Amino acid sequence: MESNNRVEKRLNSLSGVMTLDNNDQFTSIRAISEAIAAPLEIEDQVVQSMPDASPIKWHLAHVTWFFETFVLLPHDPTYRVFDGAFGFLFNSYYEAAGARHPRPERGLLSRPTLAEVLNYRAYVDAAISKFLAQIPDHGTVAALMKLGIQHEQQHQELMLMDILNLFAQNPLRPAYTTPINTPLSSLKGHIWHNFEGGLYTIGHNGGSFCFDNETPRHQIVLRPFALSDRLVTNEDYLAFMEDGAYSRPELWLSDGIATARANAWKAPLYWFYDDQHAWQQMTLHGVCPIEPKAPVGHLSFYEADAFARWAGHRLPTEAEWEVAAADVPPSGNTLGSGQLRPLPIGCGGKDQIFGDLWEWTSSPYVGYPGFSAPPGAVGEYNGKFMSGQMVLRGGSCVTPDGHLRATYRNFFYPHQRWAFLGLRLAKDL
Amino acid sequence: MESNNRVEKRLNSLSGVMTLDNNDQFTSIRAISEAIAAPLEIEDQVVQSMPDASPIKWHLAHVTWFFETFVLLPHDPTYRVFDGAFGFLFNSYYEAAGARHPRPERGLLSRPTLAEVLNYRAYVDAAISKFLAQIPDHGTVAALMKLGIQHEQQHQELMLMDILNLFAQNPLRPAYTTPINTPLSSLKGHIWHNFEGGLYTIGHNGGSFCFDNETPRHQIVLRPFALSDRLVTNEDYLAFMEDGAYSRPELWLSDGIATARANAWKAPLYWFYDDQHAWQQMTLHGVCPIEPKAPVGHLSFYEADAFARWAGHRLPTEAEWEVAAADVPPSGNTLGSGQLRPLPIGCGGKDQIFGDLWEWTSSPYVGYPGFSAPPGAVGEYNGKFMSGQMVLRGGSCVTPDGHLRATYRNFFYPHQRWAFLGLRLAKDL
Amino acid sequence: MESNNRVEKRLNSLSGVMTLDNNDQFTSIRAISEAIAAPLEIEDQVVQSMPDASPIKWHLAHVTWFFETFVLLPHDPTYRVFDGAFGFLFNSYYEAAGARHPRPERGLLSRPTLAEVLNYRAYVDAAISKFLAQIPDHGTVAALMKLGIQHEQQHQELMLMDILNLFAQNPLRPAYTTPINTPLSSLKGHIWHNFEGGLYTIGHNGGSFCFDNETPRHQIVLRPFALSDRLVTNEDYLAFMEDGAYSRPELWLSDGIATARANAWKAPLYWFYDDQHAWQQMTLHGVCPIEPKAPVGHLSFYEADAFARWAGHRLPTEAEWEVAAADVPPSGNTLGSGQLRPLPIGCGGKDQIFGDLWEWTSSPYVGYPGFSAPPGAVGEYNGKFMSGQMVLRGGSCVTPDGHLRATYRNFFYPHQRWAFLGLRLAKDL
Amino acid sequence: MESNNRVEKRLNSLSGVMTLDNNDQFTSIRAISEAIAAPLEIEDQVVQSMPDASPIKWHLAHVTWFFETFVLLPHDPTYRVFDGAFGFLFNSYYEAAGARHPRPERGLLSRPTLAEVLNYRAYVDAAISKFLAQIPDHGTVAALMKLGIQHEQQHQELMLMDILNLFAQNPLRPAYTTPINTPLSSLKGHIWHNFEGGLYTIGHNGGSFCFDNETPRHQIVLRPFALSDRLVTNEDYLAFMEDGAYSRPELWLSDGIATARANAWKAPLYWFYDDQHAWQQMTLHGVCPIEPKAPVGHLSFYEADAFARWAGHRLPTEAEWEVAAADVPPSGNTLGSGQLRPLPIGCGGKDQIFGDLWEWTSSPYVGYPGFSAPPGAVGEYNGKFMSGQMVLRGGSCVTPDGHLRATYRNFFYPHQRWAFLGLRLAKDL
């Protein structure tokens, strides 16, 4: 795998262009998807490691289908579809866009081959470029192009999550890439940032791109609270484990302990115990020792919630988090750093609010007051998932640069662990 | 089953005492549980119809175990336990109270027999009466007694839910009791009650009994909204069904349509189609035709949410509901009416806000700002269930009289349908 | 449960009549079913402990349905059906007799009550008596009566199997009855009975009642073999367990070790380990210590097969067993003894060939050469089960007296353990 | 896929060498495995289409592991293992050969890559050749080499079964290869070959290679019987389907109709109904119309058994089949023909006894009288599977040439359908 360093350089050089907001952005973002796949063998891009994950080949095709289906087909009368079967194969969940291949069977599709998928990408890329050159940048197409680009960035994060999940299940424990130099932690103590109670306004103000679920901007009432200046670390979490974490139901939500027991959880996902080396962790760099001062990741909401209760504190609400993040620059240890892992405390952006790990909040994912989903297939983007999931904030080390902001709402089911997920403590004042 | 009318009279006469708040209350409430079981055969009290339900025999024992475990054992040094095995058999979910028999296997317990369970009840009742006579009514015991009584009332509702569920699965479709005279509906139109936006305060003010989950009282911001003056009716829901309800994914949450498909839902629970008689419904009075003007019941949250979207409106939040209910007297068609079914529109309490059917809200069940569960087993009463469930408000036709108030928060998982559940529409202004 | 001794006496007195082959036999056999149920509470007769088992109430009704459906309805034009719904509820598996209630849901039927089932029995009994008195004993009805009686005897064994299974899952470990005096074992050594190779004839010769699966009588070739003069004992099986039985895949069939692992088998069914008392066993007399010299029971075929391999021998084929049993009187420790458990070696019939425990053979259950099932519903009695099951021979301590013969073929799936199942070793010479 | 014809030629030319019994045989057989994989893309060789199937990459490695583990490691002291992890990854079911990767997760292994597996093959091939050149052909090694070669041939058939299963689940319905010219059927009538009853001897006589399960040769008694001179055809089976096959439980074994219902079977595996083209069939040549005169394939035992009952006949026993096949030359439409599908009636070997489709018998797969498995890992080859499966005879169109004989016993579970399976009728005389 001598190609890894080269690829990483490619990732780094590409990350520079990701803040552009012009016609080149489409090309740049598309190239990042292919750069992410570049260190992989063909074999790695076919397999689906679990129903929640998808094959890399599928991701590469699906994001392309999005541009074909929502930009080219409805707006470019000269466009001819690449392959009539791909609509069925690469629709993820858009009911309004027709029938689709069952999600858990994505890993059964050895065809189309990777080469065919890459041809599909090139074909659609060319069609988009030609189309964009021809039309004035009118509103609908521009909005759909922006949505398509943001959508592809979301799948770039999913690709790295899914690769780690796949490799973690292989007894050979392959490494996706080699690690680059890690800065040392400056972790000494732990500081609470205090916030006054009262009326606050949250949600996106509409001045630039945002997803529909970030609106409407609206007022809320907060009680006085404090937020920790750092993420919870591996050594914090080990102390919890050593204190009986997984066998103390009084620390858990009822659904949480039931899930932990049913799945025999004893540690975060990707941790495993080795008699010779104690706890180890599978990462995108292969198997590594646990780094004590780094943020603990790959936790379910249930584990994050139980840790907070054990620590005598609680998770923040999404409103508290957003208030605290409002003035923080939305950058940090994200995909462009090439680290592909959360950095030790003190090494990312300010308080590691952005990047490193998504932060579980105690807020169920529902629409803001006055929210309603837009009509049609694009309206299925977010609204229909507003049930049973929890909000996460702040982005991770595998989130593309430029993709984040303080109002960004990510969401996962409380049992899911394969994303780059961590937590920060909060408390009442 | 000639004894049904007698039993009903007993239920009615007992319901008169349920508003007393004195030493007789314990005896009165305990008698209602036995009155509910009285029309049943021994056989009916043994079976568990599904994992969510419990045998009647188990309910009768479990509520008794609650008094034994949380009142007598810790506070009455002279008390001798009735049977050492009952703690294991009749603990529902209190981790701090020790190991317990698995919930889905409650229906395997033919022993202890019903007669033994009734002996257990008599033994504990006598011990409680003796104990209460001896002690001054000091705080802890009084609080635990109140909690035990409220707890038994909650199980009275569960008993009727579980009996209906059991009988509905028997091809013989037995009737629990015979219906009493039903008033006619005065349904003509449909009125929106408007509410201004602004700061409101919700939650219990602490002046009388409430559950921990109703506190702390706190401020919230509401936008201007309106609430319908009536529940959604069976004829409303039939129109939704005839408009393709269950086959139109665009009306549903993603989890909702997946659940509906996986379970082949085509109508509310307990509805079945009969070529000769069209839609029929299994009720506590056996099989009945669908009453068009009566509120539609036994709906999941997913169905309620999809109906509201189809109707062009939405479900209320729990805060909106509480604001609207704040000045409504907490009475209506509840258990004491002896109706055991939701009455047609116009026949219950004011706007049928209380009684008839629990009303789904769009609010996930989480703790109020500043909530924390009390320590120990009693602290497991509510807090640990604050995950994955939705709030319901207002009570039902099988909720014991005197048990309800505007701040009362009930909760079920979004797929559950066996409770007496309905909906009321809301909209933004 | 002071009534147990009385019931047992009733069982004993009744067993005396079971060899009669006249008009009284129907009444006698029917009375035994009710005597078996007599020590039970109503609650015990409602529950289904697992999908393979049925509620006692269901057994009592089903065997009655058999007489109603196959004797009265087709042959007695004056007969009026007791309840039209019972055909649906109490048909076990006869496709030709119409639709039926799903087997795994038999435990959901609290109605009809036990009292109603007993009324059903009395009604059908009266109708049968009246009908038999009126007609000359012509062939078809006599054959169906005989089949119905044999069928009811089979369910008598099932009732006792199912009661043990139910009580074994109750943490209170109730006893069905109290044990009677047990003779001591005369076990000293172990003798091989040798049999020459050559042509033999097996199968029923048609002179008296037999099931269709015992025919046609036909020739087979056997190699020289030997059969042990005794069943394998608990102490034999403990030695196997102590030698690593369940963790040595080389001793098992592939399906066997997979089943043992999937179900975490560590011992025969109904054995459990108690730190204070070592291995104990749940029996119809409640919890008892393991009796070393008694035959080991409640084994799957997989365990019997693995034991035999471990012992350096093998299970007999059904032909070998039948050849060895041909001249042995078909009596021993069966239901009429009142023991309700396998007796120590040396205490039953000759070599305990008949009674005590059914003996697993290595023969898959298929039709004999030339076998074909009779047409119609009665033809479903045996033939359609000739797939995936193994033959057992010899009867058990809960098989009704007079029900057995050397050609009798019982059958269970290789993973099933709730019947009274044991094994005897064989070897090649 | 222009390479298909080339590959087919390669297959054809290789098939010529498969009857050699000398030192070149190893090389020739190994080359056939690679020729079978040659038309496939890398992507096709990674995926596991169901738990019963394996990825092609896994097959290629597993058969290599067999030679490494059972020939080289125990007998060649100079041999150095290729990769220590491969023993864990590529052991199929040999408990005595150590721990192994779970079968249903073979499709999660993107690594080792196909290129690495092909290196592994080359490495082991070279080591075997060097080793064989050095040693005199003493007994044990020669026997193990023969077993390894037969084993690889069995996996060649599995590779083609698994590829068809994978491609059949892809909505694109890829073709493995293009069909070659098919001869026309000479089907006119249907002839019964009669066989006298009496003593026969079956099983292998030991003069050449055979599997352990073909021994010991032994006597059996047969009644007079007749066997059809042809396989059951697609048009025969369509008539059965049109006569209500899958909805007539009286034609089925109880386990059979339960399996058919649970899996919603309506036709043989790989058949699907297309409004425009009626019944179609997925084959190794892609989607084809049903050929009426060709043998019906991809049937479960349950379907074969039900068909025979419907036709008024029965399946043959394995003994009957072997008696009938004893004098038939063991050749026909096997892999070397390049047809890769069953030929129409009249086109294969004599009566299509060998080749075309494996023929279900009514005989459960158990050891012959006196059979015992050899000790050690190689003894796990057949013996431990003698439970729950049925015997098939005769080979198929994807069985390698030279692999078959009259005594050969194949076996599958009665519900399995992905092998090339058909049936021939028998009857009593």
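When the chains are written out, they are named A, B, C and D in that same order, and each has its own residue count from 1.
We take it that contacts are C-beta pairs under 8 Å (C-beta built on N, C-alpha and C of every residue); 3 or more make two chains touch, one makes a residue touch a chain.
Keep in mind that what you see is a predicted model, and the values were worked out from it rather than measured.
Under the contact definition stated at the top, no chain borders both chain A and chain D.
Among the remaining chains, none touches chain C as well as chain D. In summary, the interface at A-D recurs among the listed pairs B-C, C-D or A-B; the equivalent pair, sharing over half of its contacts by residue number, is B-C. Centre to centre, using the average C-alpha position, chain A and chain C are separated by 60 Å. A straight line joining the Cα centres of chain A and chain B is 39 Å long. Here the CA centre of chain B is 46 Å from the CA centre of chain C. Of all residues in chain C, none touches two or more other chains. The part of chain B that touches chain A in the complex is made up of residues 93, 95-96, 199, 218-223, 249-250, 252-257, 302, 305, 317, 362-364, 366, 369-370, 380, 384-388, 414, 428. Against chain C, the residues of chain B that register as touching in their complex are 41-47, 49, 57, 85, 88-89, 101, 105, 107-114, 166, 169-172, 174.
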